[in-house]
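In the two assemblies presented below, subunit A is common to both, partnered first by subunit B and then by subunit C.
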Partner chain A sequence: MDMKRDYYEDIRLFKSNVVIFWTVVLLIALFTAPLYIDSYNVYLLNIIMVHVILAVGLNILVGSTGQISLGHAGFFAIGAYGTALLMMKFQIPFVFAILIAAFIAAFFGFILGLPALRLEGPYLAIASLGFGLTIMHIIGGMDVFGGRMGVRAPPLDLGIQQLGLTWILKTDVQKYYLILILTILLVVGARNILKTRVGRSFVAIRDSDIAAEVIGVNLTIYKTLAFAVSAFYAGVAGGLFGFVLGFFDPFTFNLILSIMFLVMVVVGGLGAIQGGIMGAALITYLQYDLFKNIAEVPYLGAFLVAVSKQWFTLVGLENFNAMAIGLIMIGIIIFEPLGMFGVWIRLKKYWMTWPF
Partner chain B sequence: MPIGQLLVEGLAIGACYGLFATAVVIIYKTSEVVNFAQGEMAMFSSFVAFHILSVYHYPFWLAFIMTMIFSILLGVLIEFLFLRPAKHPSILGMIVITLGAEMFLMGLASWKWGAEQQHFALPLDQRVTYEPVSGMVINNWTIAVLVVATVVMLLLYVFFKYTKLGVAMRATQQNKLAAKIMGINTGRIFSFAWGLSSLIGATAGMFFASRAALDPVFMMEPFLRAFAAAVLGGLMSIPGVIIGGGLMGLIENFFGYYWPHWKPIVAFIVIILVLCLRPSGLFARHYVKKV
Partner chain C sequence: MAAPGCATALAAVTRERNYERRPASMDHFRVENLSISFGGLKAVSNVSFSVDRNSIFSIIGPNGSGKTTIFNMISGIYKPDQGRVICDGENMVGLTPDRIARKGIARTFQNIELFSNATVMDNLMLGRHIHMKTGVFTGAFMWGPRSKAAREEVKNREIVERIIDFLDLQSIRDSFVANLPYGKRKLVELGRALAMEPKILLLDEPSAGMNTEEKEDLNIWIKDIQDDYKVTILLIEHDMNMIMGISDRIFAMSQGEKIIEGTPAEVQSHPEVIRAYLGEER
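Then we have the complex of A and B:
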């Protein structure tokens, strides 16, 4: 379908003018979005974009390198706590604080990558799960991190205090533009990583790590690098997430959150940048908007309320969220293992020679 | 330091972990699926027992039998509805399916019974204690756990060694294709493994519920510790898992005595250390991948 004739065709940022056109349309829509949507939806978009950063990073690890991680909430927590505490305790400017926190997360990713050299499949899933929960308990158990009471994020000051510059972002709309710019940078960055030697090594490791080693890919370097890159993305996303929420405690970053991140990647489509973006947007929307207010959805909401009153409890209806996400997870593996990106590719192929 | 007491309690809770880890291992052995929904399956069965006891007021033995039948059906149903339709899923796909089943069961249980803690009691008086050796106080719960774990282990040993079905299960585990050629209905074997595993898990789940409290997330922590026990024993051998469970219980109890603050993370440290140092577990044969 899209045969590459030379190397430069492969590494181009945009494949065709059509792609450029739609990208520009999307960017214009995103940059003007706060003008015509209400503040709750701006907040929702902020969360979606934070999750997009994380899902794109996780997709580098799970989709492109083939390593399973159930511990990304841990890196997310490191990013959130690291950024907030560096800003509050050491008065480090935001830009440097979030970078340092992301590099701390990347370092922990490197550490988690070391056992990953010997583990695969379910064992790796368990080890990363244990890692994520350990981070959560350590943060919850130490007073430096605010303990179980949680942390209130400091004002989001883009200026440098030491030079007397302050530029505090107060509203969701201001934060929206900051997060949007960072999201675009990181998504383009991820796309470029996958087009380089490093990205091709990741894919080679996913397809067969033994074959990759035989043709000269250094497994030690590239596997730990995949973990570090992915953790870096999670760290940046976590740093931003703290400011979007404004307040967070250790149990925000529990196992369910790690599962949600994995779901975003799997539902969106493994190994595709667009997949991570679509999955993060869809799952976040479902989780924070549609399923959260399921009782207000026409017809279905009334039906569920009736069912709740008859056989279940009405207060428990909020758990419809977990049930529906669980069914989505099972359904996507059974019916469409390639995720939404797979559906998109199939549609494109089907219509390619239209009307013939 | 009450060494004897810590020893007894560690062994008892370790037997409970071992029992539950056996459920994980039975599924992993037969179908190479790590069942992340195991804890929630046990939780759901315990809630059914609680419902029968508190709403219908049936005697305990009847409720127990009904719960056991329910748990078998639950396991078979999950295998039939969620895992069987997936055609050639990857390892990640399997993990996502069991995680999905976990979320689904957790949501369903919270919808039905609410998130508050319920009191669940076995017909055992925990205040009755014995002190065979001075410094080692044993209560009824401890005795029941140790007896049940031993009986289940003996039954499993006999089952895998001498019955036709047990041998068929072992054959399926060793080579699925060859077992199929020999006329074993491997699909049915998987269903059976899930039912058996769910049954054992539900038994362990009721012990955990009577020790702490019953709520939709109460099996999360015991599940992870049982998992640590299973990893310690190698995820493949049932005797290894029982020893792993005992070790896990002892490690946790002694560690928790000295540093109660850090008790929740012992299991994860054990998991990570074992996986880093001896990925195949303390008792399993090392597995070498062939190209």
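Then we have the complex of A and C:
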């Protein structure tokens, strides 16, 4: 154990040199990753990072404040459509477009937070679910948003057209660096929020709202604030997601997506930043990549294809993917209720006392 | 045990920061004709009392006589049907609990209301909520020790550390409240209320569930809080030794109504109090 000399040491980002070392290793790995992985995996990493942003934001709401939301695909959609349309229709530079879209999402988060003042648990889940579906159908029903045909994302131009500056990110690798930097900023931001006054107030509301009020936490402000912050994260994530996909329609942001976001948070670990990151990484990987090449595995592939044709729906091998995700989820919840964050904590303890 | 040295140092700090602006009026805290009923049952009817600055005012009475209900009305959790709660000339009735907390009224609960999945430190820092300003953006941009958010954290952390010293909580500073024994939780809740630097401190059965030794410590602490923090303390308690030992005034009630208000000696010998507590002789 090292001695502490200053109260700031308890809240600073890097608690020891060991942490600094591993952070640097991780950062180097992340920044050099595109050099030695193929472009499909860069694309996958982009999606993972977008989901990390969203899951970290959702975890502030679900894990730290104790409010459930099944409507985050709605905020995600607002971010994606908002950014793309602001850039296409109003020629607003990307940086401002994504910020404005995220604040619009945050505003809708605030609106959804209002019923949350009266609703709890399953009732809130239903209300937020309704919100997510409504957003999806409103977007699908209006021509401004491209209707059911969807929207093609504009070129990702980091420059400001009006000043004659253009810096268009074309490849997945270029987008990777943009998303990586934003992810790091937002994750550190979330961590800082949770370490300071606002984050503590969120936790207070989760653990005992009556005590929170009695110590001076205004429930109306902080509950709606938790929704707004969470929706802001979803908005930024959505804005980036649009460019990763390149093309999206209203049904990209369906109910299943909202549920998968919640699954990421629960599997990763409620109320922990690392939980959101690990959950998003694992679930996204499982969803996109797990059984991608299984049809080519000798014997097993052919067998699964046959089983799928005989018994399952036309979707084919994706059925097995869904089943595998379900099993892994059940397994984690049964054996490690704290999620992957619980595993992380135990590993850390183990290494701290190693080799004893 | 309480460390008087630390307590005095803390008192000096709190006094110079907060306490000099108070007027020296005698009418410090007053409850007027407070009444509330729950579906026809009159839980509290027409209770009035007035508390001197920096005194210990105890409320006693049998179970269900409405003591905690009075606290709930003062702290804004219940809205009284009629009556007023006046603190330094301001009426508290109708304000939300968080507004009342900002006016300087802190409380503890009979059945401990702590944030159990947070550490003792976080619980105490939450007591500083009303004295801090960091918002979402200032908080999110806590880059380095010189940032606004970090400086505010450290400043308030110092005040919390003094309370930790005062209540002897050093060893459990980073424990989660859920893992603490009952007596310690009571102390953490007291510490959280103290961290608010209140003018009025409402303590709802602080010694419940404590053993004799812990009760003795608590006795000393409450006296110290009165002396060092210059707080007015309203106390609900069942332990008669404690009540008689530390109270300046006692308010005895039964079935929502006042029996008598007076000094410990007066209350102790009042026939109705004896009857309410021991039952009637037939």
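To be clear about the criterion, the second predicted complex is superposed on the first by the 320 of 356 C-alpha atoms of A that agree within 3 Å, B and C clash if a C-alpha of one lies under 4 Å from a C-alpha of the other, contacts with A are read in each partner's own complex, and residues count from 1 in each chain.
To be clear about the criterion, a residue touches a chain if its C-beta (ideal position, glycine included) is under 8 Å from a C-beta of that chain, and two chains touch if they have at least 3 such contacts.
Owing to the predicted nature of the structure, the values given are computational and were not obtained by experimental measurement.
In the three-chain model built by superposing on subunit A, subunit B fits alongside subunit C with no clash. Judged by the touch definition given at the top, the superposed model places A:210 against both subunit B and subunit C.
Contacts of A:198 after superposition: subunit C is touched, whereas subunit B is not reached. When the two complexes are overlaid on their common chain A, residue A:131 makes contact with subunit B while staying clear of subunit C.
In the superposition on chain A, A:325 makes contact with subunit B only, not with subunit C. Of the two partner chains placed by superposition, only subunit C is touched by A:8; subunit B is not. Touched residues of subunit A, counted separately for subunit B and subunit C, are more numerous for B. Of all C-alpha pairs spanning subunit B and subunit C in the superposed arrangement, the closest lie 9 Å apart. Subunit A residues 210 lie at the interface with subunit B in one structure and with subunit C in the other.
Those residues of subunit C that touch subunit A in the shared complex are 75-77, 96-98, 101-102, 106-107, 109, 113-118, 121-122, 125-127, 129-130, 132-136, 138-142, 145, 149-150, 152-154, 157-158, 161, 192, 196. Remark: subunit B residues 28, 34, 82, 85-86, 89-93, 95-97, 99-108, 110-115, 220, 224, 227-228, 231, 261-262, 264-265, 267-269, 271-272, 275-276, 279, 289, 291 touch subunit A in the complex. Those residues of subunit A that touch subunit B in the complex are listed here as 62, 68, 70, 114-115, 118-119, 121-123, 125-127, 129-131, 133-134, 137-138, 141, 210, 255-256, 259, 262-263, 266, 270, 308, 311-313, 315-317, 319-330, 332-334, 337. The residues of subunit A lying in touch with subunit C in their complex are 6-8, 10-12, 189-190, 192-193, 195-201, 203-204, 206-208, 210-219, 225, 229, 271.
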